[in-house]
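For reference, the structure discussed in these notes is given below.
In this document, chain identifiers A, B, C and D correspond to the written order of the chains, with residue numbering beginning at 1 in each.
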């Protein structure tokens, strides 16, 4: 099984403005990801995309995490788009359940619909790492870095994922 | 010497609209790169940026390529922003002169000033690869792929760098 | 007194994304307006800008409206940037207090920071009308129309200000 | 005949980047105008759009201007999107041929595809003026102003249409 799998769980990455309510809601679709792939990869990558859960990460619970694990199935290289607030918890959960695969979690501080390039960078670096890294583990791709998940920590005051080494 | 070096030689990546002449000119500065790093890396990467040559790649000659080699100096990991039309020739030239370093060339089909995300993706994937790849060589980062330079070829009809393996 | 006055009271027009809270907040500044004037009017218009109140229009009360009236002072031609939900109430209040002046209210369904052109169109049409209309009254500039305030009504289901004539 | 007519003749307003040639070409379609109307007018305006000529204004000749006059036909209120370099000449030509109608010429210094809001402002102010002005004549809508064509002159050094009164 050579294809990459992208699991889209929602999060800030996928928020869009709702004129009726005046709020930013997690879009229940993969439009942001498809737009990025269309412009940046231009057909070069063989990817399956599965949209599930579609939640703000503060509302992600272990049932949702179990659903992510089941969705991974037989794929070996997986990118998960996830809200930033509980990305660390999901990473630990997945690491406890899945061995011998390469999993990268990514997301964004700014919705793709408001500022396109931070989300694009986090996402595309994650996809690239899946292709070039030859080992297994659970990683996070944020703000120019890809690190084992426990080393890349969200600094909530600054809004930056920073390396703890 | 641990810092990454970015050499900005211009190319479509750096073109901006000139109202006086009605043309797209190669900007003689690093604004596009600094904007990308500011939003996407948020201070995480230690990088030196050197802007030289600032040409459309059809006008790059071997004197320019020699200047690139000299600019690399003692750095070990180098990203070169370059026009797409002669990226392959510059890659060969650099490979003939430089061993034991990791060099990635990148660029864009669309100016960053017109469509931000293709340029951002090519550039940030290149920077990420420099950090995570543990060997040497001359690579190209374009359209979601990082490959040894002779394997990633511009398809001029489609406007896509495609893998020849 | 020939200068136009722009009173910026906030509203959706001025909302910006706050990474720390994940919410869209009314910016407490005139940056959106200054950006529009800089790019679209290019120094052609003599305008004073006064930023006051800076609220979502659902929170605007009669004390705020009284403050708007006082801010108008001796100016004869005034554009008020206001949230869309209570724009009609503020228009009525101002009409009851101010005669012999030309007042236009405007705003946006989409924050300027998310979709620039709807806000720009509503705002610049309002400014243009102030210059070319030679009578007095209280008007609304929204979605390509400038009409006496009681004739241009927000259709909440569609998110469009529509003409009732 | 109550509908407004928009005649789209091309110009910088309609230029888009061509990846194959690396040039900005005048798009042979009305996409920029339709995008502006869709977001800014939201169905409020009854407009017919006719795309003709599609040239850089330096290449507009009197045959083209004659075609514009014929295209106007029985419409009474007409907005012409035109390149900025010869907008003044076309305005004079139309004034010599057409009486008893209201014609506004507009355009942009920056292509809509590169910087959306200057083009949007010029265009939408022109449309608004057609609706609210109750006399006839040939006008120019640029950079926040709508003036009789001979009073609004392009300052080529600054790239601004300025009022000569």
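Here is the rule we go by: a residue touches a chain if its C-beta (ideal position, glycine included) is under 8 Å from a C-beta of that chain, and two chains touch if they have at least 3 such contacts.
Here the structure is a predicted model, which means the values were calculated and not measured.
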**Chains in simultaneous contact with subunit B and subunit D** = none
**Fill in**
Relative to subunit A, largest Cα-centroid distance belongs to chain D
**Asked** Same or different: at the subunit C/subunit D interface, is the fraction of residue numbers used by both copies above or below half?
**Response** same
**Message:** Quick check: how many Å separate the C-alpha centres of subunit C and subunit D?
**Reply:** 26
**Asked** How far is the middle of subunit A from the middle of subunit D, if each middle is the mean of its Cα atoms, in Å?
**Response** 45
**Complete:** Residue ranges of subunit A touching at least 2 other chains are 115, 159
**Message:** Applying that definition of touch, give me each pair of chains that meets it.
**Reply:** A-B, A-C, B-D, C-D
**Item:** Residues of subunit B that touch subunit D when the two form their complex
**Value:** 12, 17, 19-20, 22-24, 56, 109-111, 113-115, 156, 159
**Item:** Residues of subunit A that touch subunit B when the two form their complex
**Value:** 36-37, 39-45, 115-118, 120-122, 124-125, 127-129, 131-133, 141, 143-146, 158-163
